[in-house]
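Shared between the two complexes below is subunit A, which pairs with subunit B and subunit C, respectively.
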Partner chain A sequence: MMPGHIVRFAIAIVAFAILARLPVGLDPAFQFDAALAVIWGFGILSLVLLTGYAGQVSLCQATFAGVAAYGAGMTVAGMHGGYLLGIIIGVLAATVLGVIVGLPALRLHGITLAIVTLGIALVFDKYVFQDHIFDWFTGGTGGWQVTQASLFGIPVDSSKHLLTAYDVMLALFCMVAVLMVNLHQSGAGRRFRAIRDSELAASTMGVNLARYKLLAFALSASIAGMGGSFYPLIAGSVSPQPFWVFTSLQLAAIGVLMGVRYVPAAALGGLFMAVVPDVLTRYGHGTFMNRFNYDISYDWFQLAVGVLLVLQLILLPDGVWGDIRAKALRAWDVVRMKPREEVRPA
Partner chain B sequence: MTQFAAYTIIGLSLGGIFALAALGIVLIYRVTGVLNFAHGAMGMFSTFVAWQVFYGTPHTGMAPWMVTAEAIGAGLLFAVVLGLVLELAVFRWVRNRPQITKAVITIGVLLALQSAASLIWKNNQYHLPIYLAPQTSTFKIADVPIGANYVVIVIVALGLAFGLAAFLRGTAFGRAMRAVSDDPTAASLWGVRVDMVGAVSWMLGSLIAAVAGILITPFINFDTTSLTLLIVDSLAAALIGGLVSLPMTVLGGFLLGLLETYPTMWIQSLGLPRLIALLVILAVLILRSPRGLPAVAK
Partner chain C sequence: MTMLRIRNLGVRFGGVVALHGVSLDLNRGEILGLIGPNGAGKTTLFNCISGVIAPNEGTIHFEGRSLRFAPPHERARRGIARTFQNLQLWGSMTVLENLELPIDAIARRNTLSDALGLPFSHYAERAASERARAILHALGLGRYRDRLAADLPAGIQRRVELGRALAMRPKLVLLDEPAAGLDAGETEQLAKLLHKVRERFRVSMLLVDHDMSLVMRVCDYIYVLDFGKVLSRGEPPVVRNDQKVIAAYLGEPTPELVEASPTVPEPVITTTIPDAPQLPRTDAVEVAGETGTLLEVTGMAAGYAHLEVIRDIDLTVQAGEVVACIGANGAGKTTTLRAISGVIRPRAGRVTFGGHDITGARPEHIARLGLAHIPEGRGLFPRLSVEDTLRLAVDAAGKPERLEAAYDVFPRLKQRCRQAVGTLSGGEQQMVAMARAILTQPRLLMIDEMSQGLAPTIVCQLFQMIDVFRQQGTAVLLVEQFVESALAVADRAYIFEHGSIVHEAPAEELRRDRGLISGSYLGSAPDSTEAIEVAANGNGHHRVLDPELMEILSMRVPAEVKRALEERAEREGRSAGALALELLEEVNHTQ
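Then we have the complex of A and B:
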């Protein structure tokens, strides 16, 4: 182990310890938000790998999560398997879909890939998740109901043991986050970045484009699927609505907004995406100074995301986390009285 | 046979709407280099403005055609203003950014417009159409009854396509737009006002999107999301035209409309047309242009 690895591992453990304490003692709705935050955190983390590292655009990350959620639901509720098996099947299903989506991506990039992935998100939203042909996978209009579930003998279900499920997911998230940072420095990570900077140059330098693009899609889909496969566990059931096309668009928007090149931005984005809408719907209506009635619903959240994304792309192209990071590094250089460096590689 | 002909008419009118929506996408893409994912959302918002004027405001003592004209006028005026505002406030400032960044910005615009619309008009489904022709008037060609509203769509689609082509070829401003689409820097050196051209293409594109949105109201139950998501079908039609060719785009729109309509003779499924649109997109992108899309203004 190199010192860098130890530092990252320590940071992950501290982050886990702090984040695991956060929802303790809050009411169940906020505990659900915390668990949901991890699921969307996985979704944005998958975008960090695909877009931030490998430079491939995707507007169907929620679809990967949805396929994993239905896969897990089908295994547990439809075939009476254990939940661990459900997670494995869910992640596998998402990975297979990732490879399938990656195949056209071998010949596409940029806006054409965005169009194709948007089409895939829409097809899964309106057809696969809703058409009766796929009832064996989606459990029909009612969806799959998951009430009793346990992992390694510990009960983790939505009604009583939500926090246990949250801790398991958070531990997994921290682990994957550390692996992602390590991946960035590894040979595969360097190849991903070479593809991002220039596909032509990367292939000239001997990078196997087909293999590494497919690898990026498969890894990304499996990360998104890891989050999604926990969804039936914490929500108690699966329905198409959480994984519809607008969730995919929101994931992409929030990922870019928070800084799609940075792993911590995924945690930030997941929290933002899960907690803000719920806080708005719960505390967003009332009277201000006894005079002005206001009613801030969920739609205000998406409106804010859209407007913030436009502003961010004009003003802070590297995202919120990227901007914070750059400022912090500059402040650190001032503290150490070092001459100012212009750009630091990620 | 009669059934087949009836589906052909439905398919052609649906295709006319795709063709119209795709025309606006191609126009904006060619001139400004922005692939506009928010095109459906822009058309949706303008359509709801027209709808609001038609059903939401009192029209005492006005002839029915005047009410229709007023609603459509309001919708189109709103569309032009929306296009201008977006160009001035957003896209003017990102002209030299990479193409994909501009496309992601339009996703932000899509999310903002969709949620703003659903704040105003809620998530209800509407089936309150704005008819351009009297609903009852039909005429027959070889025993197949054809509703006048279907014919209106096809005529408007073809008319706008030819009108736009004539505008781009025949007028000085159209030539300026084509010059900017070929090379903005060179065009500006020749005295073309690139800002002005960009603004006009956004206004025109938004206007055409609004026309498409208003024309589709008699045929579907629409809400804020379903009109926004028409973007996928429109992009499929635009890709058939390679995102550059206006005639091929219109042809692509009609083709896609027919392809999406014929299977509904046998299979009733709300999602199947989306799958067909996706397959068309994949087929076009993978088979037609191995080296990607033609270069346009950066």
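Then we have the complex of A and C:
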């Protein structure tokens, strides 16, 4: 292990310790939000790998999560398997779909790839998650009901042990995040970044484009799937609604908003995506100064994301986390009185 | 022995025949030159060899094996590396990472072990990093190690590209215009470097360049391409005296060709051609009467992100004057133009243009005042047709639409007016850029590296155009690597060094006093002869002469020695590879 690895591991443990305490003592609705935040955190983390590192566009990350959620639900509720098996099957299903989605990416770039992936998200939403042909997979109109589940003998079902489930997910999230930072700093990560910067140079310098693009899609889908496969656990059932097209778009938008090249942005984004709409629906209506009635419901959230995205692209082009980080680093240089670097041309 | 054998290669893009029946043999250890006018198919041939495009017919064999079904990365693994005419460094990575990548891409590293940070990955990582550092040190790029590749000036990026190609331990290196944007002194060093690289790395090279002095000096054998066919081939003296080549490619003896001849050249001055085309007589008439200072820059400083590239720039351009900026690569010429035209914001100082203070004004605002900037790389929109490009310019400038004016000056563009700009040859693209600039009827035209990557005949024509501009009363500020041609056309010149202006003199004087210019170029150039010695070793090629050295660089020494080396390197703030090389040199001397 290199010093870098140890530092990252330590940071992850500290982050886990802090984040794990956050929802303790809150009412169950907020605890549910916290758990949901981790699921969407996984979704954005998958985009960090795919878009931030490898430069590929995908607008079907929620579909990967959805497939994993249904896979897990089917295993647990339909086939009465353990929840660990459910997670494995869910992640595998998402990974397979990731590879399939990655195939067109070998030829397509940018906007065309975005449209293809958007099409896949639409097809899965309408003709898989909501179609009776796939009842064996989706559990029919009611979806799968997961009331009792345990991981390694610890009960983690939604009704009484929501926080345990949250801790398990958070631990997994922190682990994956560390692995991703390691990846970024290592040879494989450099190859992903090379593909992002110049595919032409990458291929002529020995990077197997097909292999690494498929790998990026597969890894990304499996990360999104990790989050998705926990969904039946915390919600108690699976329904198509959380995994529809708009969620994918929202993941992409919030990912970019928070800084799609940075792993910590995934945590920020997940929190934002899960908590803000809930707070809005819960406290967003009432009377202001006893005179003005207002009602800021969930719909306003979509609008707010759009506005924030526009503001961010102008003010913080590298995303919220990216620019805060850059400013902090510069401030640190000032604190250490490090002289401004001057170019000495050759 | 034939290393690369190409037979009857043919490539068609739609109806355009890019290559037709091209056959070529490259022997092991040879430096093969490939020359030809713009659009002759040189880069297409490179793309075929490196696997970026598939030829329609013909075969390519490398070391006796067909490359037909080998994808680009497979060819890289077999030992074919290349550089790119339009730079393709990975801009968001540091220079060091740019070199590490090919080293471990070839080594087939495992993604899982990378993510987990297993010892195997750790070890490979250190080895790659160490070798990359050694190569950088060797090429004199050590100081740029941790800079983002995108932040570097183009000339440095070109050297990094060479380093990146060498990092792959190639057997054959394809060099696409390595001397583009280099001045005479740097080109000379490049020539030496290429020879050294061949000796130490045992690589063969295929070289495309427009700089005849480089090609003639470096290459063992030359192929001349014209219209996708092999026009002629032979050893440099043969090709140089081949009437067909001179007629087709060079048009007439040019400064570059004369410089390429073995005798020490006299300064050759291209003179104005008497029947130069006439510029449109539009608003230029009133502009022609303008006198006094047009552009005045005082104490300007500018840079990128946290780097200050230029400082204390004082520069004036009188109305109707042609001024040249010369100096080595990375001296800050391009940055100066950018700061003047508002592409980047000056950090200090004042810029006035025609009486207006334009310091930090928006570029479109400055452009409307009559300051046109043709950037390095021309800044064209590849998918737009010629006509649309020109129309866009006049619309944006709010001038009446009179495209004929441009077509009169560049008749060739009239024929191509419906063609997409990206499909034109380099010379034609430069014409589009210049036509676009003159249509806005500027009072000052700033041209950055006009002649980069162009065949000598076209360069000559373009320089004549500048003289025409002067006659029309348009002032020109020129950044140029062809110092001779630039001084021939300019009235005055500024010499840049290390981000500031060190000398200012009439062009006449500089033409006479060669010492001034060569001093600024050669004096500031990196002392790379020693560095080159190290260069070859740094790579650790399989047949390098010093086995000890190779061993150190591939980290196969006892752990104590390595640690001692690293500790000392840490103390002295240098790379362990460089230190090891120095120690070895010492040992060699004492023996």
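One rule holds in what follows: the second predicted complex is superposed on the first by the 339 of 346 C-alpha atoms of A that agree within 3 Å, B and C clash if a C-alpha of one lies under 4 Å from a C-alpha of the other, contacts with A are read in each partner's own complex, and residues count from 1 in each chain.
Simple rule for what comes next: a contact is a pair of C-beta atoms (placed from the backbone, for glycine too) under 8 Å apart; a residue touches a chain by one contact, two chains touch by 3 or more.
Values in this document were obtained by computation on a predicted structure and should not be read as measured data.
In the three-chain model built by superposing on subunit A, subunit B clashes with subunit C.
When the two structures are aligned on the shared chain, A:Pro317 is found in touch with subunit B, with no touch to subunit C. Contacts of A:Trp300 after superposition: subunit B is touched, whereas subunit C is not reached. In the superposed pair of complexes, A:Ala253 makes contact with subunit B only, with no contact to subunit C.
By the document's definition of touching, of the two partners only subunit B reaches A:Gly119; subunit C does not.
Legend: residue contacts after superposition of the two complexes on their common chain; A:Ile18 is shown touching neither subunit B nor subunit C.
Of the two partner chains placed by the overlay, only subunit C lies in contact with A:Asn208; subunit B stays clear of it. Contacts of A:Met337 after superposition: neither subunit B nor subunit C is touched. Superposing the two complexes on chain A places one region of subunit B into the space of subunit C, and among 25-33, 169-177, 187-195 or 205-213 that region is 187-195. No residue of subunit A touches both subunit B in one complex and subunit C in the other. Looking at the complex, you find that subunit A touches subunit C at residues 1-2, 4-5, 179-180, 182-183, 186-191, 193-194, 196-198, 200-210, 215, 330, 340-346. Residues 35, 37, 90, 93-94, 97, 99-101, 103-105, 107-116, 118-119, 225, 229, 231-232, 235-236, 239, 269-272, 274-275, 277-278, 281-282, 285-286, 290, 292-293 of subunit B touch subunit A in their complex. Against subunit A, in their complex, subunit C makes its touches with residues 50-52, 71-73, 75-77, 81-82, 84, 88-93, 97, 100-102, 104-106, 109-111, 114-117, 121-122, 124-125, 128, 140-141, 143, 153, 156, 164, 168, 303, 306-309, 328-332, 498-499, 524-526.
Those residues of subunit A that touch subunit B in the complex are listed here as 57, 59, 104, 107-112, 114-116, 118-120, 122-123, 126-128, 130-131, 133, 245-246, 249-250, 252-253, 256, 297, 299-303, 305-310, 313-314, 317.
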